Amino acid sequence: MDARTEGRRIMNELMGDGYVEKKDANENAFNEAINSYSAEVCFGRVWARDGIDRKTRSMLNLAMLTALNRPAQLAHHVEGALNNGCTVEEIQEILLQAAVYCGLPAAGEAFKVTENVLRTHGHLD
Amino acid sequence: MDARTEGRRIMNELMGDGYVEKKDANENAFNEAINSYSAEVCFGRVWARDGIDRKTRSMLNLAMLTALNRPAQLAHHVEGALNNGCTVEEIQEILLQAAVYCGLPAAGEAFKVTENVLRTHGHLD
Amino acid sequence: MDARTEGRRIMNELMGDGYVEKKDANENAFNEAINSYSAEVCFGRVWARDGIDRKTRSMLNLAMLTALNRPAQLAHHVEGALNNGCTVEEIQEILLQAAVYCGLPAAGEAFKVTENVLRTHGHLD
Amino acid sequence: MDARTEGRRIMNELMGDGYVEKKDANENAFNEAINSYSAEVCFGRVWARDGIDRKTRSMLNLAMLTALNRPAQLAHHVEGALNNGCTVEEIQEILLQAAVYCGLPAAGEAFKVTENVLRTHGHLD
Amino acid sequence: MDARTEGRRIMNELMGDGYVEKKDANENAFNEAINSYSAEVCFGRVWARDGIDRKTRSMLNLAMLTALNRPAQLAHHVEGALNNGCTVEEIQEILLQAAVYCGLPAAGEAFKVTENVLRTHGHLD
Amino acid sequence: MDARTEGRRIMNELMGDGYVEKKDANENAFNEAINSYSAEVCFGRVWARDGIDRKTRSMLNLAMLTALNRPAQLAHHVEGALNNGCTVEEIQEILLQAAVYCGLPAAGEAFKVTENVLRTHGHLD
């Protein structure tokens, strides 16, 4: 399987049915460059590797996206983490650890963003 | 056990014998504030929690410290990760994933810093 | 007084009546971890210290939150700064100094966020 | 010509008719400090210099604002880049290069922000 | 007095005798651009303003430079802060507050850098 | 030509004879992952594209690496920029523009790093 096909397959498993289709439907001559990069490099080249499992990769992403101040992508990867078997308690621990290393404002915003995703998916009353 | 004692015990397990003693020997009226914060808040309050295991906490730290551009602390936590059971292959995967999310310059520097620690500890010829 | 009680008291003084109550009303099993961290570590352990006064702590926060690119928390701490006796002129100076050190885009956004808070509280026509 | 007048002239050329007028209409005793800084330092002192042309300055800004995580200012400078002769293809290349150096989340958000500006101005179907 | 002369005078007061002279001695056709910017914009335009006193400006800089991960400039501004009347205890409080907002790695490095400056200047045994 | 071969060819042209050879000589089982990523993704996939020329890509990198606080990689890319036809005056303009957008500390450090490279290569007395 080539990197693009493999990457799209992994993205689909991570983000759930409909994510790749929606990306395809919104693709145009401009964003095609970053969509290909994402499918081939991010998912086809890196997520496709063995060595650490998918759940761990999701956990690392929650930590990095909190550190990098990227709330929109964090929201997507909270969904991915849930799909990869992370529990709400584990996500809570990751973001609390981020409070120490990235600072309280970074973690506070990550908790807010994540809370919305958890509620939308019925993981929080 | 109070948070400070518990935190110092965990720090010792993470960083290996001599780390806490060396910190104590270098303590003065100025850095005492951050040493206490580190022992009580970082290790006694957060690392002491259940919910995710120590090895996972170490992995998250490698990812966050790469994102945060903190090579000196990354070097310490590579030692901690090895003590917590991370393999060289797992560390390699974490830093490669960081290349995608944090950018190549962040990951390139993290590889260099980590390579030095691995060589010092006999994990790389 | 324990750190949590002391922290909540300080938060209340800083952010004004209703802030802590609103946080309590929105608390759940997930965000409880970061709320406790905020009350006990941020306010109970650090804001509770002597050595620099509350107004200076507020001024430092405006500068740090601008540097850290955290507009939502900046807005809260502009309210806190006003409650702690900062004048509009002082806030203007802090953000202008941030333009030199953090760059114009950081300061430009901080001015916009702050302007909205000032107008809401009747400090700007 | 003094730096302020020169800076306002350049800002007008860069951002198009109406930008400076709109800024003037919204000026007040608070934001006047950053407006002056922007006109005199950013545009009157730096953009006014020879040595690299305006189009190149715009390209550099797209790269820096992506790295700095400033989507609102990025949107303004995409308009400026188009006014300074950047093509959609060139903007696409700049943001793709940013994916490698600043990370995929930074570039992904920059593509989204830019796509909206391009569509608004009729550069994308 | 023009901005450049005023800026150089303030820099001299802040950093102590010899700082401006040393900068002048090392000036060349390349770094002249940033030296002028620093003298005229940073010191002549911003530090020269009233509204907050010099000691407060120094305190803000310690907080911002910690947040921005700029240890070399932090070291200079610790000297400036001492010259502007900051006590060691105040500096300790600023950096501890930064631990909460910017994260422990940022503050840990700021404590190390500052400790060296304090020892060099006889403020720490 | 495959991406890896093409990437290595471009890296060689950018960084000058000996750079790729030195990387190869230092390659081991650990850093092989990031070296391949750099050759294939950064150079083979992005630098290899048309749309903007090599000199412009170098200029963008100087701006981004200044914004990202990566002085070691900045030094390499100053060499690359000189090899790609950037003049000292153009580099000076790029870094001065970075002072406005990324802040004076970022630009000040970039000027220092660059000055050393320029002197080593005989571009500054």
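By letter and in written order, the chains are A, B, C, D, E and F; residue numbering begins at 1 in each of them.
In the analysis below, contacts are C-beta pairs under 8 Å (C-beta built on N, C-alpha and C of every residue); 3 or more make two chains touch, one makes a residue touch a chain.
Not measured: the values here are computed from a predicted model.
**Q** Quickly list, by label, the chains bordering both chain E and chain F.
**A** Chains that touch both chain E and chain F, as defined above, are A, B, C, D.
**Q** Remove chain E from the picture; does the complex fall into separate groups, and which?
**A** one piece
**Q** Looking at C-alpha means, what's the farthest chain from chain A?
**A** In terms of C-alpha centroids, the chain at the greatest distance from chain A is E.
**Q** Going by average Cα coordinates, which chain is farthest removed from chain F?
**A** C
**Q** Interface check for copies chain A and chain E. Shared numbers divided by all numbers used: above half gives same, below half gives different; which is it?
**A** Shared-number fraction above one half, so same.
**Q** As a multiple of 5 degrees, what angle does the CA superposition of chain B onto its copy chain E give?
**A** 120
**Q** Report which of B-D and B-F is connected by more C-beta pairs in contact.
**A** Between the chain pairs B-D and B-F, B-F carries more contacts.
**Q** Once you find the CA centre of chain D and the CA centre of chain F, what distance in Å lies between them?
**A** A distance of 24 Å separates the two centres.
**Q** Roughly how far is chain A from chain F, going centre to centre by Cα mean, in whole Å?
**A** Taking the mean C-alpha position of each chain, the two centres sit 30 Å apart.
**Q** Which chain D residues reach two or more other chains?
**A** 37, 41-42, 65, 68-69, 92-93, 96, 99-106 - these are the residues of chain D that touch more than one other chain.
**Q** Chain touch graph shape: choose line, ring, star, complete or other and state it.
**A** Topology of touching chains reads as complete, every chain touching all others.
**Q** Of all residues in chain D, which touch chain B in the complex?
**A** 100-106
**Q** Considering the complex alone, what residue numbers of chain C touch chain A?
**A** 28-31, 33-34, 37-38, 41-42, 65, 68-70, 72-73
**Q** Under the touch definition given earlier, write down the residues of chain D that touch chain F in their complex.
**A** Within the complex, chain D touches chain F at residues 41-42, 46-47, 49, 51-52, 56-57, 59-61, 63-68, 89-90, 92-94, 96-102.
**Q** Can you check the complex and tell me which residues of chain A touch chain F?
**A** Residues 37, 41, 45.
**Q** Spell out the residues on chain E that touch chain B in their complex, using ranges where they run on.
**A** Per the stated touch rule, the residues are 69, 88, 92, 95-96, 99, 103-109, 111-112, 114-115, 118, 124-125.
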